[in-house]
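For clarity, chains are labelled A, B, C and D in written order, and residue numbers in each chain start from 1.
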Amino acid sequence: MSGPFNASELLAVIASRQLRDDTTVFAGVGVPLLAAALAKQRHAPRLTMVIEGGIIGPEIAPGRLPISTNEMRAGRRAQMLPGITDAFLFAQRGFVDVGFMGGAQIDRYGNINTTAIGDYWKPKVRLPGTGGANDIASLCREIIIVTAHEKRRFVPRVDFVTSPGWLGGAGARRAAGLLFGGVSRVVTTLGILGFEPESRRMRVEAVHPGVTVQTIRDNTGFELDAAPVVETTEPPAADELALLRALDPERRFLG
Amino acid sequence: MSGPFNASELLAVIASRQLRDDTTVFAGVGVPLLAAALAKQRHAPRLTMVIEGGIIGPEIAPGRLPISTNEMRAGRRAQMLPGITDAFLFAQRGFVDVGFMGGAQIDRYGNINTTAIGDYWKPKVRLPGTGGANDIASLCREIIIVTAHEKRRFVPRVDFVTSPGWLGGAGARRAAGLLFGGVSRVVTTLGILGFEPESRRMRVEAVHPGVTVQTIRDNTGFELDAAPVVETTEPPAADELALLRALDPERRFLG
Amino acid sequence: MARVRDGDTLAVGGCLFSRTPMALVRELLRQRRRGLTLARNLTCTEGEFLMAAGAVERIVTAWMSIGLPWGVSKIMRHYVESGAVALEEWSHLALGLRFRAGAMGVPFLPALTMLGSDLMAVGGTKTIQDPYTGETLAAVPALFPDVALLHVHRADRFGNCQIDGYRHMDADIASAAATVLVTAEELIPEEETRRHPDRTVIPGFLVDALVHVPFGSFPHECYGLYEADVDHFAEYTAAIDAAGPGAVADYLERYAYAPPTWADYLDLCGGERLARQARRARELTG
Amino acid sequence: MARVRDGDTLAVGGCLFSRTPMALVRELLRQRRRGLTLARNLTCTEGEFLMAAGAVERIVTAWMSIGLPWGVSKIMRHYVESGAVALEEWSHLALGLRFRAGAMGVPFLPALTMLGSDLMAVGGTKTIQDPYTGETLAAVPALFPDVALLHVHRADRFGNCQIDGYRHMDADIASAAATVLVTAEELIPEEETRRHPDRTVIPGFLVDALVHVPFGSFPHECYGLYEADVDHFAEYTAAIDAAGPGAVADYLERYAYAPPTWADYLDLCGGERLARQARRARELTG
């Protein structure tokens, strides 16, 4: 029995399980990076992290978590520092297996908005912007989104497509010129969402213990189907939580 | 009085005088590099050489002349080693003032052939090829060709345009998409040739001591005009010859 | 700094709070320039300073805020939502390719990023067909800044620059820009450059002016030499949280306008802080 | 080397007689591969070997010969003028951009080189209009080699590679190629890579196979470690001058096929020669 854990810890642990060994992952700072660091320590020792600041293969120091993608902490014990543009070009060439990112606003096709609420040039709320999110979503072989599950975040249509999910649905990415990639899963504080292969519409694929599909629907701003079989996720194990908490003793991202 | 000197020495000395201080020169190995090294030692101490192997600002060691553009000798005491592609990209961006090159076959518009005599796919004689010559001729702000003056080299039309001079004449470079550059002078063993500003046709602009315009015409495979004023070059001075001979004590390129 | 004219487009090296040419930005503020366009991949406090000082009318960037712990920049929101400053957003790679296209001397570079997103329209990015396969690509337009402001680890008297650790986009920016102004943590003899030519990332013939400025990025970081002073950021943001956007003017008066020299500025930042951040940098990279 | 199949397009790293992966080329010869296309920016003796061995049917390059003192390659002339091997010529920058386009994952890169010359037609290079200005540019097509053969100074067990001095085009070739085979002068512990991450030029995830081969470029040079043995070249060309193209077969029998191991090959090249060339390299770069 692993004892109590909070939403951020649940999110980081479930997200970390999505990463396989001997792969490359483009990880954004915050929970995605924490989850990648946890995976590397626990079940994916040969996982190679690629970080936006132009960093390949770092080993994040427990208690020294970076708050940006391009400070010294983010590149600690890195294997290569190719520069920002060239780090992204490795993804464009197809060498990055998984893109691991958060999202302020997300729609039924997995498109993400981190740019603005309201009109772009006259925004009600101006958000920080894409950073490398658009590039990660456009260029990685597979995208996994990690986010808190709130109704205001899950909207029918994002105000602005900052990062492409499945865009307008099946075939839309290819039609736009994107050669591969697309969102495979959305890991949230309530469960794991996937996309129906034909329509590329978001659907429930797994729920966390104690969560029902209806709960997820109640917290989603659009109509949501469920996969033929909806799994229930394994709760965070004691060793997962221990490793995770050791990574962020200051509770900088675990809250 | 500087005493006797051979054709290669004359060529190298006259060529070196074409280079000004505080400029950058893309120099090919052989006489062009010798001439650039001489200029740097004598009157252009801040001349920055760019060499095809991906080398910026080297200081060639007397007696240690490179036989290729990308061996250790070519980059001795260099200021930067950016790699081959990036060295050429500095020229494409417009940062290289002078391109300094030789030529196997040259026509009245300063186009050079170092590829093949006869048909390209069924050549009578296959030459080594462009190397970086096409790039230097396409991308430097100004091109200066350095070559022995022989009738078989100066042909009405080159069999193959490896390196663009003025192509078909006035305006042809711009029409092809080349933004700047073009051949300003052809320094030969008989004199200095230039190009008539309107037609971009080669013409005699200077003769070496003891050489007449007629001699140059007799050694050129096409009709050659003369500039309104034809200068006579200053013969190599003693200090020029001394420095030059010290650079190539093995007579590797001075013959 | 006299080389910067009102209305110029400036490219600022480094990234977010890493190797920001803070001493040059401070000079820019002291010169009271107006109508500038700031182009930087990830924009941090330096962008807030230029907004609050009324120096910039447009910021070309992929992201703007200080860092995760401080959430969305209140200053950015204030000036952008009010329409006082235009924020032109590009993806991080696209902005990197804009500088690279400029560095390569070509008007555009083909890319597979931004396609299908609303970012294409923001910057007016056009698509192009590959002449061989007919595939659609984004034609990312070159950016040729009027002036580049860069801070590097080492440079010699010819302007040959060496950077340790993160290269960011400085080398491409230097080749793309018409004028290049550089500050360096250390001035090295030419002999040192020639001993390690493969460490040079910017050739001297690109550099128009060079000044020796130790701690030239502070309170931002300089790889291997000093970590960013997040306490300095916290004090700055706390003042904004308490007094609103006007607090930036007080900060600028205190840090940019009042201290006559960079040495005075560093004293104000605190010698103990500088020493602490230098020690932390050595712990991380040593 | 089993990864190379007849008919493959191979990209060979280094440049002319600098950092040529000679040990890998020798293995290629011993495997008696056929119908290969060799892509290299400047092609030297390794190209002559592959021609004479009947391994290549096409060479994609900007220049082919050994070096100035030996004039135009008699071997190249023999096989190209007879039509036995096709020589596809690109400008040096264009070939570099072909590898870079491949490395960037785009089908072409715009450039200002080769325009107006007869080289455009040789490789079937198309022009393209800049969608913003309408300017005409060369659309240099990407090259995605089946296999890359590279020799580097240092690599760790993950395949992270470091190169000293001349980078040539190795990093772009590694990203562009489907399979990457590397020999290294030195194998270093992972810790060493992590101590100097800004020295890594090829990330491990690009490398499919790595072998430790000291003097792996000999008689070609390896920056800082050994200079090219021009006497070896002189003996080789003298034999060709005396006996004609057939002399290469004798050379290959002696150096490629007879010596069972690379160590035997180096003994044949001469330990005194290796020592002398290493000393000369230190004099030039030390």
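Just so it is clear, a residue touches a chain if its C-beta (ideal position, glycine included) is under 8 Å from a C-beta of that chain, and two chains touch if they have at least 3 such contacts.
Keep in mind the model is a prediction, meaning the values are calculated, not measured.
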Joint neighbours of chain D and chain A, given as chain labels: C
Chain pair, A-C or B-C, that carries the greater number of C-beta contacts: A-C
Distance from chain C to chain A - Cα centre to Cα centre, in angstrom: 28
Rounded Å distance between chain A and chain B, as computed from the means of their C-alpha atoms: 57
Centre-to-centre distance between chain C and chain B (centres being mean Cα positions), rounded to whole Å: 41
Per-residue multi-chain contacts in chain D, two or more chains: 105-106, 111-112, 127, 135, 137, 165, 167, 197-198
Two or more partner chains touched - positions in chain A: 75, 81-82, 89, 92
Full enumeration of touching chain pairs: A-C, A-D, B-C, B-D, C-D
Complex interface listing, chain A residues touching chain C: 29-30, 52-55, 61, 64, 67-73, 75-76, 81-85, 88-89, 92, 115, 120-135, 138-139, 160-164, 167, 172-173, 175-179, 252-253
Chain C to chain D touching residues, read off their complex: 105-112, 126-128, 130-133, 135, 137, 139, 141, 164-165, 167, 197-198
Contact set on chain D toward chain A in their complex: 103-106, 156, 158, 160, 175-176, 190, 193-194, 197-198, 200, 203-206
Residues of chain C that touch chain A when the two form their complex: 15-18, 41-42, 61-65, 67-69, 72-73, 76-77, 80-81, 83, 86-87, 89-94, 96-97, 99-100, 111-119, 122, 127, 135-138, 165-169, 171-172, 221, 223-224, 227-228, 230, 281, 284-285
Chain C-facing residues of chain B, complex: 24, 48, 56-57, 59, 75, 77-82, 89-90, 92-95
